[in-house]
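Got a structure for you, written out below as structure tokens; questions coming shortly.
First chain written, first letter: the chains are A, B and C, and each begins at residue 1.
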């Protein structure tokens, strides 16, 4: 079972499929009890055949949790691209004379320890968190499913090697790895942090991708295609991958939230992003010693962070429910 | 089992009623035998006198050792402790006479040999003592601690035991104020058990100070108890001190306010706003011999152009020291007015008029000076600091914001945090700094020489920016050779004037020692090294 | 079964070597630790060279790795920079962290599984929705925020607990830190149990059992719970390793002198010996726990037989 890449980390549990999936990977193929998370679904309610995806979409549109989460995320994306829309101020405009002051007209969230406007910084911080979350998740999902997919599809020696490599990375506690690797970074961009998440995050996805590829490989229609002489590349791309990708999407969506959270934890420990980058993690970390005197400095960025993580986890939850036919 | 736990708790509750708050650490109640619990940090190096170069280890050494001299906790003056007299005719050869009647807590008498053996141990390369360079002025140091290669001698030729209680020291150069450096912990005497059973000694150090080590769990706690046989005047007025290691100074402060700790000697910057409300007058804030500066990488051609002293002066004038010390540090730092420390006093070389306008906030002149000096190299100042110790991030951000506001450019200055102190020192040692960097100096002994020579003399041990100036070097040499202390100080001040004219480093502020304590204890004070004077603390 | 265990143990060897090599390389990326040992001064070159030789830092990296692994096999984990053997540090740190982990696991099992069963059996009811929402919030707030808030409220404002844990770290002082450490896992355990119970309730074997006329209580414990707990056990098992090594944040907030604290100090001081030593033990724990979890599977699920 993967360990979550944040905080004092537990695993991200893709509920339902989690245990079984892990088994299929941990045993190196000895235990053929892999799940079938995403078989082609039967005819939809309307009576005409529908794919898993259109079925899921049909469900999602009616799920209030999904709608709320999607709206929050759309809003986040919007202010990440155009923060000036709702916060025209300069997040780097700080005047010590205003340090730790509470809210007042034009500055609804008050000022932080350096006298910067908390509202402006909270809005502008969204971009960093969204960039880190999205880039890390995309990278991890692509790298992880490519490696895991190939290993699962090829089997044999490559599979055994990759499984051991996955174990190696799993054995390193994530926060520890972050402290070690990021403590020497001198760049003030977000890329080292994303790179680190990629390095320690891919095994999680790769395990799941491998498990679902193994499961999909054994489906009758894949065997049939193979019997009909389909090339391995076509088999993998046309038949196996589309049916193995659902669990990866589920895990990736939930992981996005945890990456955003991990960024903040790294900043709290004094590694990770650095000024003049504006980020919730940096602000939360700077505010945490002042929690007694000026809780507003902590609560706004922490609240924004929690809402963001919540939105992504809820989205992932809803997507999982929609993609997992067993729960229908 | 459960019943027993209940019983203990009930007993504790009863005891709390009888004698306030004694159950926390299981310490005996107040009175002359009361135990003080105090915050501590894990010493970085093994607790040997010549191997301890930070305050946490220094605290313990200050309790369990007494040297030839001791710095008066209030005035900072070096006073004779174990030294009966130290005589010299030429400021090169000194004759030391040790007082009689002193012993280590294991009963062994403190003799001339105790000092000479300790110093030879501290200086020898094979013993890996971090403070070995303190013995560098003594003749023969080069043989026991060569800059490269193997040592060619076991002991320094400049040290000779001439009697039970007398020994002579020969220096390599004139150093009139040398006896006043002898209050530093590295010069402490060592008992023979240090050499015969070294591991045993490290597990439970034995010294000649007012306290003895009762138990020591490395990384967690140390219990020190009053040594009743202590022959000195400064006997401990409490039963002992329990030092507890904290992972974080905020946690220690929180424990103090919750009544689980008696003394915190490092109140974190973020809590300073609360001390009045939390502690009332149980809070002290006294000057200490610490000055914070911004040093420059003179090895980087970009930062070593002729005429650039104007840029440095301009940066200095763009920093609103008063506002930062008031807001971020709540007046536990004082804006710097020279490159030494107020604890030296005007007679010792402190001069509050030395920096003058160059250290006063003046955005308009700052902009003008920086422009005249050719602008900031690369258009951006990156102030490098380490994030794992102290509250550096707050003030670096504040200094940068001050510079940015003065120059009207929100990216003129950015902080450049380094994750660990080790990596930070590594980058400095390898001359990798690309802009100004944090430089803190805590004095080893209260002499103006100690604030100037190690920091600004060519190739000195803490001259991290590799600043070099012939006039300065010449004046320091002159001052050291001066036999009259007052004249020596005047010459040092002339040298400091060179530092000012070149703005070799930007002085920021003098750091105070700050400490908070519980209602259980009184007579708490900090000495000039910001270490609590433990032996004077009384438990009510 | 025996052959399976032996094969798994053999597979551990490359994983163990790989993980220790990985951490060894990572710590070495951090650079020369000696510069940090001399305070705000430059170490004089002779002393620096001596120190490097003493800690073996002057030799090539592969030699350092092989020597330290060779020593580990004989139980020698080297010496930290303060002159203390790493084994001594471990003897102090591991008992504390193991206690903390046990407290956390206890909460995960009692609260997590309890809430999971409650919500799993009452799907769609208000209590289900409420708990589900609460778990989401717990997952969304970073651990250090939860920790700092609880410490401030319970320890400082209301004075219910000691804000910091004393060096002996007795169990009662570890309750709140354990809860903080467990919080996120607890939320996952709740959700996992809930899904699992809800799924299995509709399984054929449960229907059969009910149809057979077995008492409801027996169906619940012998059939439903036993089968539903399989994924939960995997999760908690894997979590033990993660909790032990991942408590850096919690231990820092609550002043707990455990493994996380030693690792953090080791990293700050770039003490290769400390970090590599502790991680080596953690890797071993992680691997063994994973093996145990897989074996436990066979006990819980009669369909699984290891060849």
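We adopt the following convention: a contact is a pair of C-beta atoms (placed from the backbone, for glycine too) under 8 Å apart; a residue touches a chain by one contact, two chains touch by 3 or more.
Computed from a predicted model, the values in this text were never measured in an experiment.
**Student:** Between chain pairs B-C and A-C, which one is joined by a greater number of C-beta pairs in contact?
**Tutor:** Comparing B-C with A-C, the pair joined by more C-beta contacts is A-C.
**Student:** Relative to the centroid of every protein C-alpha atom displayed, which chain's own C-alpha centroid is closest?
**Tutor:** Given all protein C-alpha atoms shown, the central chain works out to be C.
**Student:** Just the number, please: Cα centre separation of chain A and chain B in whole Å.
**Tutor:** The answer is 47 Å.
**Student:** Round to the nearest whole Å and give the separation of the Cα centres of chain B and chain C.
**Tutor:** Chain centres of chain B and chain C, defined by C-alpha means, are spaced 39 Å apart.
**Student:** Which integer distance in Å separates the CA centroid of chain A from that of chain C?
**Tutor:** Each chain's C-alpha centroid was found; their separation is 21 Å.
**Student:** At least two partner chains per residue is the criterion; list those residues in chain A.
**Tutor:** In chain A, 179, 183-184, 292 touch at least two other chains.
**Student:** Give me the residues of chain C that touch two or more other chains.
**Tutor:** Residues 30-31, 156, 252, 264, 267 of chain C touch two or more partner chains.
**Student:** Hey, what residues on chain B touch two or more of the other chains?
**Tutor:** If we look for residues of chain B contacting two or more partner chains, we find 388, 420, 423.
**Student:** Provide the residue numbers of chain A that touch chain C in the complex, in ascending order.
**Tutor:** Going by the criterion above, the answer is residues 1-4, 6-13, 15-16, 18-20, 22-23, 26-28, 30-31, 33, 164-165, 167-177, 179-181, 183-184, 257, 261, 264-265, 268-269, 284, 288, 291-292, 298, 302, 305-307, 309-310, 313-314, 317, 326-327.
**Student:** Hey, which residues of chain A end up touching chain B in the complex?
**Tutor:** 90, 92-97, 99-100, 113-115, 179, 182-186, 188, 270-271, 274-276, 286, 289-290, 292-293
**Student:** How about chain B: which of its residues touch chain C in the complex?
**Tutor:** The contact residues of chain B facing chain C are 25, 42-46, 53-54, 125-126, 128-130, 132-133, 145-148, 202, 217-221, 244-248, 251-252, 254-255, 257-258, 260, 388, 420-426, 428-430, 439-442, 454, 461-462, 464.
**Student:** Quick check: in the complex, which residue numbers of chain C touch chain B?
**Tutor:** These residues of chain C touch chain B: 30-33, 35-47, 49-51, 54, 81-84, 88-89, 92, 151, 155-156, 159, 162-164, 166-167, 251-257, 261-262, 264-265, 267-270.
**Student:** Of all residues in chain C, which touch chain A in the complex?
**Tutor:** 4, 11, 14-15, 18-19, 22-23, 26-27, 29-31, 136-137, 139-145, 148-149, 152, 156, 180-181, 184-185, 188, 191-192, 194-196, 198-199, 230-235, 237-239, 241-243, 245-250, 252, 263-264, 267, 275, 279, 282-283, 286-287, 290, 294, 297, 303-304, 306-307
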